[in-house]
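Should a chain be cited, it is by its letter among A, B and C, assigned in written order, with residues numbered from 1 in that chain.
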């Protein structure tokens, strides 16, 4: 795909400084770009690399433009503009409309004629695949599943019974939507499975990463609202709700019936307990344990950065003796007669 | 499926208060139930919703029964009784007996005629599939694997060579049993693979969640005992033993050769080191690091709940200076002559 | 497979104490070995079991040899020698050369005639499969992917466009290489997908565990260097580099653009932030949060071992009040006139 930078300027509303007839074919980093490449600067700390780039054109903001040694596409949001240009130059592989002869469609599966069904897919009775949907190879779409228009299942995605997926949503390989929730009743020292009868509702413009799992609801549905972005290896338990435009980094676990608000950002490996409510606009940094609800927008943390092992062991030892340390302090306070301090720490 | 509540009372030994001829068709929450629904109250905090329910019947205990505005099925264990009723009203999809024409069976694969083998399954030589087993689409069952009667592999389950699965066990999509354990010998600065020659033995009535991985043993087998329940995205390393009726929540990792006892409950994202022994009846709360064995039943923890980021940073700073703080305290104690405290903290 | 211990001694350069004509057929633990088994002692704490073994031969070092009740193969590195012997006695299942009739090869897929392609594999246009490669059942190898000689994809491995895999690399079931990186630009309160145009380059002699995910690069490639070993359920984000001979235990997450050096050892469930650099020869113990770069070889930690829940709750309470405790200490110091301590802790 080759596009003139003049056309890019017009399509994406950028000011162009340079020759509009220059053609570009691909995106590149500032360092690796050549005369057919578009690069970008979204973060000021990369400005230092700008002067040496050999790119055809760089997408950047007004403040960075002065240092640009080549053509410039000036944008108030260079990262977003770059994303749109990259989507033009590197479109996702389009499947040819139609069903691969090796795919297994049950009687009653409804596939839009413009949809692409890849090799060795299995599509169950009553499932519906929308217009222009791309169903990559080896996907499994069980009975009755609804896949809306323009959905993209990259490959080997599993959608179990009771799952619905909204328009333009993208799901990466290995993701499993609609596996049973982890519901068991105690019964005389044994666990008795509680049938999981809910489904999974995924909104429009959602992205779900590789090998992420989203369980069906116990009775009602598990819900991923529009625009939410889930990275790889995330666990979403039954009856969780992820709010619109919320992003979860990899390896996050969200326990059952927890609700996360809109526009939240959850860092990698965060663990979130069950039956909690996280309000809108909460950011939680990586490796944090969330064991209570959060009702005020803001940034929250809970991880302690590493130390050299020897130092760390001493710190852990101190931590484990905090009770004794507090007792000694209280004892000293008593001797020194600073009685006003005693109440504060009484327990 | 429609069943009279009179029949449910008889089958599950409940006292019925109400018209035995009323028919129900599905389970529902108290809030969403209608005149064809069964709801339940297992937790007293849901009693508040009981008065407004429009359910046909509610499963509850004697203590909650007074507030029930409709028919009541009274049970000493409402959650377990509800689970049994749900299994009647919402049976797991039954596969028709027989092998889907697209499945690939190696010569010598033994499939019971009452078993269901779904589309695009691969079953290896010498594998044995028991009576009434349900093998969902796209499962892989390698050579010699033993799958007992009434096992349910929901879909896309991988059972590698050397795996055996006991009666009635359920495995969710994407689970991998029998991948190689992580065994390497150091050899002149390189890692040399140690062939993993053990298998995986899974007992009866086990449940294994989506995308969970259970490695084959290095020499002896990895073992999951009867009734154990494993949630999604769990890692079970080689030669681990999980005791009977023990439940592991999602994202738990158990390192090699560790043995977990019976009736334990392990919270989400718990990390358990290698070569440890956890005794029976241990509960470990979520996000805990387990780096030593546990020899006494009880509840154990190791996670610190989140704080606002600014507060958390100050706490981490204090933590990192605990050594200095302890030194200062000791110095004050010396001045004040409280010599008896010095020994306790000497290191 | 049956081999004489004399032949093993010659092939692997061991001193043999015993009858070279004795034949062995399998490996076993010291405790379970019989007269056809090879066992080994690499760790002195297993020497206690040595005296009672019924093995045909034990691989061990000179220091352990005195206590050996049977034939001995003496090696400076018994673990590595045992690994080599195990590979002789228990070779990985060899596939017959050729393509299973159920596999789907796109026109233009190049498969070496000595390679094995298992049942229901999908191989895309322009993909290349090298000599003696073993591609187990249900693997997906997308267009243009390069799989070098002697690679082993155990089963159900997904290699998306832009992935290359070096000689002798082994990938376990469920692993996904080349899923999209998690790249989104903020755009008026919504996330806009940034097309991920890089690939994944995996070196020679790498091992990748079950259900591990390695994302394609955003623009440049994600790189796993030669000899690196990745356990199960690991997340490698876009543009990460894992150095040669580095080993990552299960459930580790590495965020985008981070570089890990050579010969590192990363424990289970370690979480590593983005844009960091970990130098060569770093060991990080399990459950550690890595939020800054590490520039000095050594051992690092960050996890706090569990306690009984009651004790833990008190410690967490003390931790949360560390700020107050430090304030009280400072106040006492002021009274006692130990002014030299004040500066050290000023903040």
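Observations
Operating definition for what follows: a contact is a pair of C-beta atoms (placed from the backbone, for glycine too) under 8 Å apart; a residue touches a chain by one contact, two chains touch by 3 or more.
All values derive from a computational prediction rather than experimental measurement.
Remark: rotation between chain A and chain C after Cα superposition is 120° (nearest 5).
Residue numbering shows that chain A and chain B use the same positions for less than half of their mutual interface.
Work out the mean CA point of chain A and of chain B, and you get 25 Å between them. For chain C, residues that reach two or more other chains under the stated contact definition are 120, 138, 156, 174, 211, 233, 251, 269, 304-305, 307, 319, 322, 325, 329, 332, 336. Within the complex formed with chain B, the residues of chain C that make contact are 26-29, 32, 42, 77, 79-80, 82-84, 86-87, 90-93, 100, 102, 118-120, 137-138, 154-156, 170, 172-174, 205, 207, 209-211, 227, 229, 231-233, 245, 247, 249-251, 263, 268-269, 286-287, 303-310, 312-313, 316, 319-320, 322-323, 325-326, 329, 332-333, 336, 338, 341, 344-345, 347.
Those residues of chain A that touch chain B in the shared complex are 104, 120, 122, 138, 140, 142-143, 156, 158, 160-161, 174, 176, 179-180, 182, 184-187, 189-195, 197, 211, 213, 215, 219-220, 233, 235, 237, 251, 253, 255, 269, 271, 273, 284-285, 288-292, 294, 298-302, 304-305, 307, 314-315, 317-319, 321-322, 324-325, 328-329, 331-332, 335-336.
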